[in-house]
Amino acid sequence: MSSSTGPQADTTCHPREHLTVTPSPEAFRMARADGNERLRSSGSLFESFFSLDGAAYGAGALPVSVKELLGLVVSVMKDCEECVYYHLERCDEERVAREQVLEALQIALVGGGSVTIPLLRRAISFMEELPTLGKGRA
Amino acid sequence: MSSSTGPQADTTCHPREHLTVTPSPEAFRMARADGNERLRSSGSLFESFFSLDGAAYGAGALPVSVKELLGLVVSVMKDCEECVYYHLERCDEERVAREQVLEALQIALVGGGSVTIPLLRRAISFMEELPTLGKGRA
Amino acid sequence: MSSSTGPQADTTCHPREHLTVTPSPEAFRMARADGNERLRSSGSLFESFFSLDGAAYGAGALPVSVKELLGLVVSVMKDCEECVYYHLERCDEERVAREQVLEALQIALVGGGSVTIPLLRRAISFMEELPTLGKGRA
Amino acid sequence: MSSSTGPQADTTCHPREHLTVTPSPEAFRMARADGNERLRSSGSLFESFFSLDGAAYGAGALPVSVKELLGLVVSVMKDCEECVYYHLERCDEERVAREQVLEALQIALVGGGSVTIPLLRRAISFMEELPTLGKGRA
Amino acid sequence: MSSSTGPQADTTCHPREHLTVTPSPEAFRMARADGNERLRSSGSLFESFFSLDGAAYGAGALPVSVKELLGLVVSVMKDCEECVYYHLERCDEERVAREQVLEALQIALVGGGSVTIPLLRRAISFMEELPTLGKGRA
Amino acid sequence: MSSSTGPQADTTCHPREHLTVTPSPEAFRMARADGNERLRSSGSLFESFFSLDGAAYGAGALPVSVKELLGLVVSVMKDCEECVYYHLERCDEERVAREQVLEALQIALVGGGSVTIPLLRRAISFMEELPTLGKGRA
């Protein structure tokens, strides 16, 4: 989706709209990388945790794509908005099919109930701007 | 700041203020409807879940107004900001008295502890703009 | 329900069965009172918290029966097994109808998702032994 | 593991041991089915929810085995002990490899932190008694 | 508010950036005080809860500085962004050392897992603007 | 308290009592060590996580005793019963004063609300059997 055509492209600006828009993948990626860098440089235990996290998501008995879907539902269950965006981006990079992502989100919805709906709304909105996952939308 | 224009009416804009303002009921309603529409159109299971959710809140042995209060405390306990706004709107539509909403929020506060306070602050702020619930404020 | 006829009355005894049975209302009540007494005597802040909790559930703009239903859904959303038993007992004392309790639990189920089901199973089982709420079962 | 040689087979019996043992798969299965039956018969909305839950786990764009792993991590993230046992049984039935289950649990551990460890201990213990997943242990 | 006057004075403005910035300590403090005032005036039980909360954090067998660190990890575990900012400010006022705050956050990270990382990123970012805790940064 | 006089010493045995008793420190310690050993031997990532967890609790800018109190409140906030017992044991070993533990629990209560009370009842009960922390009780 071109960033100049969607509701996100509205040039009017008001902080009250923070609930109704999702970050652009680019802005999110940069801010996340910047914040992680600051965490890593704040103590070796942070750095070690990031390494462990990376190891858990590496290829093994399960393919990376399945692990990213697992990370996605972990993120929804813990209501972690930025984690959801991150794993959606990773799913996009790993060429997980849109229908597979949606089925994982459905399991999260049934498992975690209607309180997950606001985060699912954002997940759908964020997906629409991703290169591969965004293509499937109507 | 004059309470007649409201902090929400401030036309100045900065994303850093996102913690200190609440969405307007109108903007929230539109964004919620739009996001729900996208979810519904993303798979029949989403649609079915919405139906089930709607059924749970219909009149039965409990009146709708009590069910909306139940939904309100569910939302606070799960720290679901948008769910809180939605159920406050529904309470407003069902003419639940301001004092009743406040007592429900007090049960949520005592049940969920001080970590619920930021969301309760927003709930109070959002209530102030609702047609009926907003009238009771000083 | 007579305690000599249900699955709970099984005289075989193994701690592995702890997931499959619910406490008797009497045993629960005594253990809860004993534990609360120890908490209260452990510091005045505990005592003050209990007072505040009691105040939140007293009659006000909302009747006590509605407040107990609110406490029930708070408890399910936080997966607090003993809290659920307590509020079920209180609902029983306040003569809340079985159908009303079930509708509140349905709202908790739809709100919190399938992960609430194990606790709902126990809630139903515990209800069966309560003087009033237990009568409605088939 | 023979059920007559492990710590679970201890014939001494004390409720204080409830933290240190896991239910047998058979006992768990029966108690779960019994409880679910009571829920289903308590109102049509419960029944509808079970149907929706079943639909989410059916084969689709994702294979059933992957969906069961998703359900497993959902369960760990929500600290739902019985849900974990259920999805482990389903993984066993679907012939998910032990190493795949362990990698899913590792993602849950890294995602949810050390507070998940007690439930992971039980998951490992429960797995040891399952027909297929139990075979891989040393 | 002129967008050119605060430390927040970044002139680019878009609500989509709400995930990537933290509020200024001053703006946060004012909004929090304003919201708390509205809660307090909404019912005596809210006021009583604030008193109890204040009492829990007063000096006793534990020094205030340790209590603020306890409040900080409570806040991270409950994903309460504003609570984190508040306790960071209190740690700053109590002259808790930056390294001590970081070690408390590491315990929260290991205890609560990778889903705490987005909030920890914000915590680090917020700390950088605090008078004492902000000095230690590179 | 002599283990032969309390409600825990009841030689009658029924799984329904599992809510009303706490494990003995010895039984808990053995079961925990056994379960952790099985986790560690189930994959190197589990082992690495345990190492990281151990590192977070080592002496640093904060003394070990404060870190154990932090771990205690982390555990209460996440409703992790076994984690609470573990950190109480560690507090006992580190000679944390009973009053200090109680103040940490009060912060957890106020922060997490009344849904923490059942776990706090067990914490008090478990403390009573610990060599040092158990001495202070009336």
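The chains carry the letters A, B, C, D, E and F, assigned in the order they are written, with residues numbered from 1 in each.
Throughout what follows, a residue touches a chain if its C-beta (ideal position, glycine included) is under 8 Å from a C-beta of that chain, and two chains touch if they have at least 3 such contacts.
Chain-to-protein mapping (UniProt): A, B, C, D, E, F = AhpD family alkylhydroperoxidase.
Note that the structure is predicted; figures quoted are calculated from it, not measured.
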{"item": "Graph separation of subunit B and subunit C (steps between touching chains)", "value": "1"}
{"item": "Given subunit A and subunit E, the chains that contact each of them", "value": "B, C, D, F"}
{"item": "Rounded Å distance, subunit B centre to subunit D centre (Cα mean)", "value": "35"}
{"item": "Centroid spacing, where centroids are CA-atom means, of subunit A and subunit D in whole angstrom", "value": "27"}
{"item": "Whole-Å gap between the CA centroids of subunit D and subunit F", "value": "25"}
{"item": "In subunit A, residues with contacts to at least two other chains", "value": "13-18, 20, 45, 49, 52-53, 56, 74-75, 78-79, 102-103, 106, 109-112, 114-115"}
{"item": "Topology of the chain contact graph, where touching chains are joined (line, ring, star, complete, other)", "value": "complete"}
{"item": "Subunit A residues within the subunit E interface of the complex", "value": "8, 13-18, 20-24, 27-28, 30-32, 35-36, 38-39, 41-43, 45-46, 49, 53, 74-75, 78-83"}
{"item": "Subunit D contact footprint on subunit B (complex, rising order)", "value": "45, 48-49, 52, 55-56"}
{"item": "Contacting residues of subunit A [partner subunit C, same complex]", "value": "109-116"}
{"item": "Subunit B - residues contacting subunit C, complex", "value": "52-53, 56-57, 60-62, 66-67, 69-71, 73-75, 77-78, 97, 99-100, 102-104, 106-112"}
{"item": "Complex contacts: residues of subunit B adjacent to subunit E", "value": "7, 10, 12-20, 79, 102-103, 106, 109-110, 114-115, 117-118, 120-122, 124-125, 138"}
